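Some structures are shown below for you to check.
Shared between the two complexes below is chain A, which has chain B as its partner in the first and chain C in the second.
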Partner chain A sequence: MYLNYLASISRYIPELLLVVLMVGLILIETTYAEDDKNKRYIFITACVGLVVTFVSLVINLSGKSEAVFSNSIIIDPFSTVMKMIMVLGTLAAYYLSTFSKEIYETLKTEFIIMAVGILIGGMILASANNMLMIYIGIETLSIISYVMASLKKNDERSSEAGLKYALYGGISSGIMLFGMSHMFGVLGTIQFTGMAANIAKLNHTQILIMMPSFVLFFAGIGYKIAAVPFHMWSPDVYEGSPTPVTTFFAIVPKLAGISALVRVTMIFFETQSPLRVGWIGLMMVIAALTMTVGNVSAIGQKSVKRMLAYSSISHAGIMIAGLTMINEIGIRAIVFYAIIYVFMTLVAFYITSIMQDKYGNDHFERFQGLIYRYPFMAIVMSIVMFSLTGLPPLAGFVAKWNIINALLSAKFYTLAIVLVLNSVVSAYYYLKIVRLMTLKQPESHETIEEFSFINQFIIVAMTAPVIILGIFWESIMAFAGSAKIFIP
Partner chain B sequence: MSIYYYLAAFLFCLGLLGTIFKKDLISMLLCLELMMGGVALLFILFSKSTGFLDAQLMVIFTMIISACEVAIGLSLIIALYRKKQTIYTDDIKIITE
Partner chain C sequence: MAADIFLTILTVVFALMVVFSKKTVVSAFALLMTLLSLAMIFFQLGTVFLSAVQVLINAGAIAILFVFVMMLINLEQFPNNREKSKVKLVISTFTMLVVLGVFALVINNNIETLSVVNLTDNSMKALFDKLFNAYFLPFEMATVLLLAAIVACIVITTHEKHENEEELQILKTEEKL
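What follows is the complex of A and B.
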């Protein structure tokens, strides 16, 4: 028994490394915080720690899939790939925070400490195999997020964002627990192992209790993804928080929630049952609503950051649409979409953050005539916007096409049509930025100060996959296809 | 059994409605705790009726985590109160719809 735990720890090294990194960063911060010159130790430690975590995840990828810690955690290629994407997102958001002016210098170290904490929560959620781990994962993710959203201490908007996030989070986790308690009452276990067989044995009355319980259970995860009935917090929090924090929120909690949702779906509904039909129906409605509400609300926005918040809601909807067929093709499409989504979102938020630092706000007018003043930024932003819309030579097209392909192979024509129509709607507000940047005259002719070579290099490095993967996507597709879910 | 179920469900609904409709933040946090209390009672109840102990584990974690959540919420309320001198939700809408 005890040896089992020791053996489990050997598969759990990435998470343990992050815990050590978080503690180490706190210690370094308390020791060296007085002297600004020593800030670079924290920067180096954080980068090295995250890179080492990434490497250990790569090593974990080749090991065999298994359930560790008495079946409460599953280590499989799917969760490992999702964790790798999350670590990359954290690294990029952290780099953005180091040169962003929105986070005070004294709080930059706290940003990375909390980001690592949230990453640990996300990792727990991505490989959770019982209700308790899902709850702990969601709460580890949420509780630190509340603090992180209100990182700008002197700004009322930031505090309000954090408070809103906390209240919505409390309500939705309460609702989720209410659903979980009824699920436990019917099934008699909190473990997910052998769940499909348990569900197949239920009688009519028990199924009637389970159906609303699943809807309530979805509230907790749907809140983290910002799926539509639970999306109200998302634009306010995204707008109120500093941009690096928004970047981070658009990637890590969202992908962690998606991976938990994928795992729950695959484990609970692999066999035919009335519940499976109900769940597919629920997911289709949620996906269609999430896409539509996200895109339609994004149209009238004045702030680019708020527009990106709504657009990230609609992207979550597309990823949920990949879940409706409950098979390998759908999961492959979701993983591929997640990889592309991270790069597109990161570049869009980087540019928005630079504009925000320059002008103090991020309204659409600030982007007018950007191509005359800073061609590099305008070109990169245009590429990303075209990709987010899903225009052919770019990676966003391939990602969307895969989801539609999976939908068509399962004969869900209505949802596929809704998805395509939503792409048309999204073209309006994405291309609005491109139009403002290229066709309008600039507001003033003052030039934007050059940013350093390394920043340009990083932005190009993040844009390159968007272009390259649009054409040469077979290898990444095979990689996403190898990310299989392990059902113990 | 059934009377306790109704009690727990009543507590949960009371907490949920209170969190949604109350206008001051402290009451909202209190209602949140009430909601968690109702859920904890439900877990204990189902643990008793099914005879499995997993749910009692959930109760302990629920209590710990909801305490953390309220502590964070309270500190955020204080941070906002220092700037706005109010705890009523109607007065602190700053982010526009």
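What follows is the complex of A and C.
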């Protein structure tokens, strides 16, 4: 009976590697003088650590799905694929932070230490199988995020972002805990499988009592994804935080929240019950609202970063729309969307960060006539914007088409129409950047500092999947299809 | 039994000191002693875990926090408003009545159960069996969260001198040019 967790550790190596990486980075940081600018070993350790984590996740992918640590964690292909995407996002955000001027030189190490901490939280959330793990995952994600949002300490908006994030986060975790305690009171266990089994035994009135507690439970996760009733923090936090932090926030917490939501939905609502009907209705309303509010609010924005924040809200809405049919086609569409979303978001934020470093702000006017001044940047940005809009032959189109396809196969025509209309709305503000970059004359003919070769290479490497996966998407689609949810 | 009575008297004396002491620091110290002797009563009753938690959280954290707050703010500047008024008299009489009523209820009904003490307390063992088996991972992950939170605390509280100095230097060189 004792020490039965030793057997579980062999399936939990990626997370343990990250913990070791975090401690190691703290130790290496202490060997440097306070004003040392060139912390080379930190960079090497962080990159190697994240890559090794990625490799161990790939190794984990081939193992059989199982529940470890007394059913509190599930290791299955779905969670592993989501974790791989999150590790990639962290690596890219960290690389961006090393040359961004928005992160203070003295805080660059702290950035990666906290990012690894958040990544651990995201991984817990992605494979959580009981309510306690979900809560610990969300708190690990949130508490460190509050500090990361206010990393630019001399900047008022950054501090404001941190405070707003903390207030919203505290309240929504409280609401979620209330919902969880309600569920525990009715069902008598915190294990998801036991709860699902107990839900099946409830009678009609008891199920009616359960409905509000699921809505409260959704508040905590919905806040992490920035789904619409809980999205108010997102634009302010995204705009106020330094751009590498925003890049990180747009990927890791969001995808972690989505994967937790997918697991909860698949475990509780796969069987037919009145709760399932209520949950599908809730998800449809939330998806439609999230898409619409995100897109409509993005139109009037002046700052590109804020625009991208609203657009990431709408992308979360599209991913939630893939959840409404509660079957494997929908999960496959969500995983595929997540893979494409990461690449598109990363490139868009990289370019925005470089513009921000150059001019001190990231308003739309700064992009005017970019094609005459630095064609490489303008072309890459245009590709990504077309892809975010969802125009063929780029990957964004395939991802969106998949979700629509899944919606149509479940006969959810209204939501599909809302999604298509939203794509049209989003075309307005995405293509506005393309128009400014190509058709307007530049503000000045001052040349922009060239990228180093390695930076160009990295940006091209992140843009290439957006083009290639738009045409040759079958293998990635099969990969996403193999990411199945395991229910013990 | 003698130990019980002694501890009870000790608790009540310290509790009265909290209220009647003129000096705030003495009050805080008396509060600490009240909580500690309450923990000893819990220990005497056999609830080891409750006693440990009482020492750790109530005495260790909260009372010390009171003392720290007193050290940080200068209490001399606040006037000592302990004048007598009718409202206070009414409230204190009411409180005394409620306390006496509860006391009377306890004596009337449960005096036997109070004397039966469960000395074979398994609560600690049961708790840690759960903690290191079923809830092992959440427990360990909470430590990871705390470690990352310590780094976050350091980040948010240190002052950024270097950036300002750099900016000033840039401004100075621009002025020279």
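The working rule: the second predicted complex is superposed on the first by the 479 of 488 C-alpha atoms of A that agree within 3 Å, B and C clash if a C-alpha of one lies under 4 Å from a C-alpha of the other, contacts with A are read in each partner's own complex, and residues count from 1 in each chain.
Here, contacts are C-beta pairs under 8 Å (C-beta built on N, C-alpha and C of every residue); 3 or more make two chains touch, one makes a residue touch a chain.
Predicted model, so just to flag it, every value in this text is computed and none were measured.
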| item | value |
| --- | --- |
| Partners on chain A (chain B, chain C) - clash or fit | fit |
| Chain B versus chain C as contact partner of A:22, first or second or both or neither | second |
| Vertex chain A; arms to chain B and chain C (CA centroids, nearest 10 degrees) | 20 |
| Which of chain B and chain C A:150 touches, first, second, both or neither | both |
| Which superposed partner A:132 touches (first chain B, second chain C, both, neither) | both |
| Which of chain B and chain C A:215 touches, first, second, both or neither | neither |
| Which superposed partner A:13 touches (first chain B, second chain C, both, neither) | neither |
| Chain B versus chain C as contact partner of A:110, first or second or both or neither | second |
| Touching partner for A:121 - first (chain B), second (chain C), both, neither | second |
| Partner chain(s) touched by A:72 [first = chain B, second = chain C, both, neither] | second |
| Minimum distance between Cα atoms of chain B and chain C in the superposition (Å) | 7 |
| Contacts on chain A seen with chain B and repeated with chain C across the two complexes | 132, 136, 139, 143, 146-147, 150, 153-154, 162 |
| Complex contacts: residues of chain B adjacent to chain A | 12, 15-16, 19-20, 25, 28-29, 32, 35-36, 38-39, 42-43, 45-47, 49-52, 54-55, 57-58, 61-62, 65-66, 68-69, 72-73, 76-77, 79-80, 83-84, 92-95 |
| In the complex, chain A residues that touch chain C | 1-2, 4-5, 19, 22-23, 26, 35, 69-70, 72-73, 104-107, 110, 113-114, 116-118, 120-121, 124, 132-133, 136, 139-140, 143-144, 146-148, 150-151, 153-154, 162 |
| For the chain A and chain B complex, residues of the former touching the latter | 131-132, 135-136, 139, 142-143, 146-147, 150, 153-154, 156-157, 159-163, 166-167, 169-171, 173-175, 177-178, 180-182, 184-185, 188-191, 236, 239-240 |
| Interfacial residue positions of chain C with respect to chain A in the complex | 132-138, 141-142, 144-145, 147-149, 151-156, 160, 162-164 |
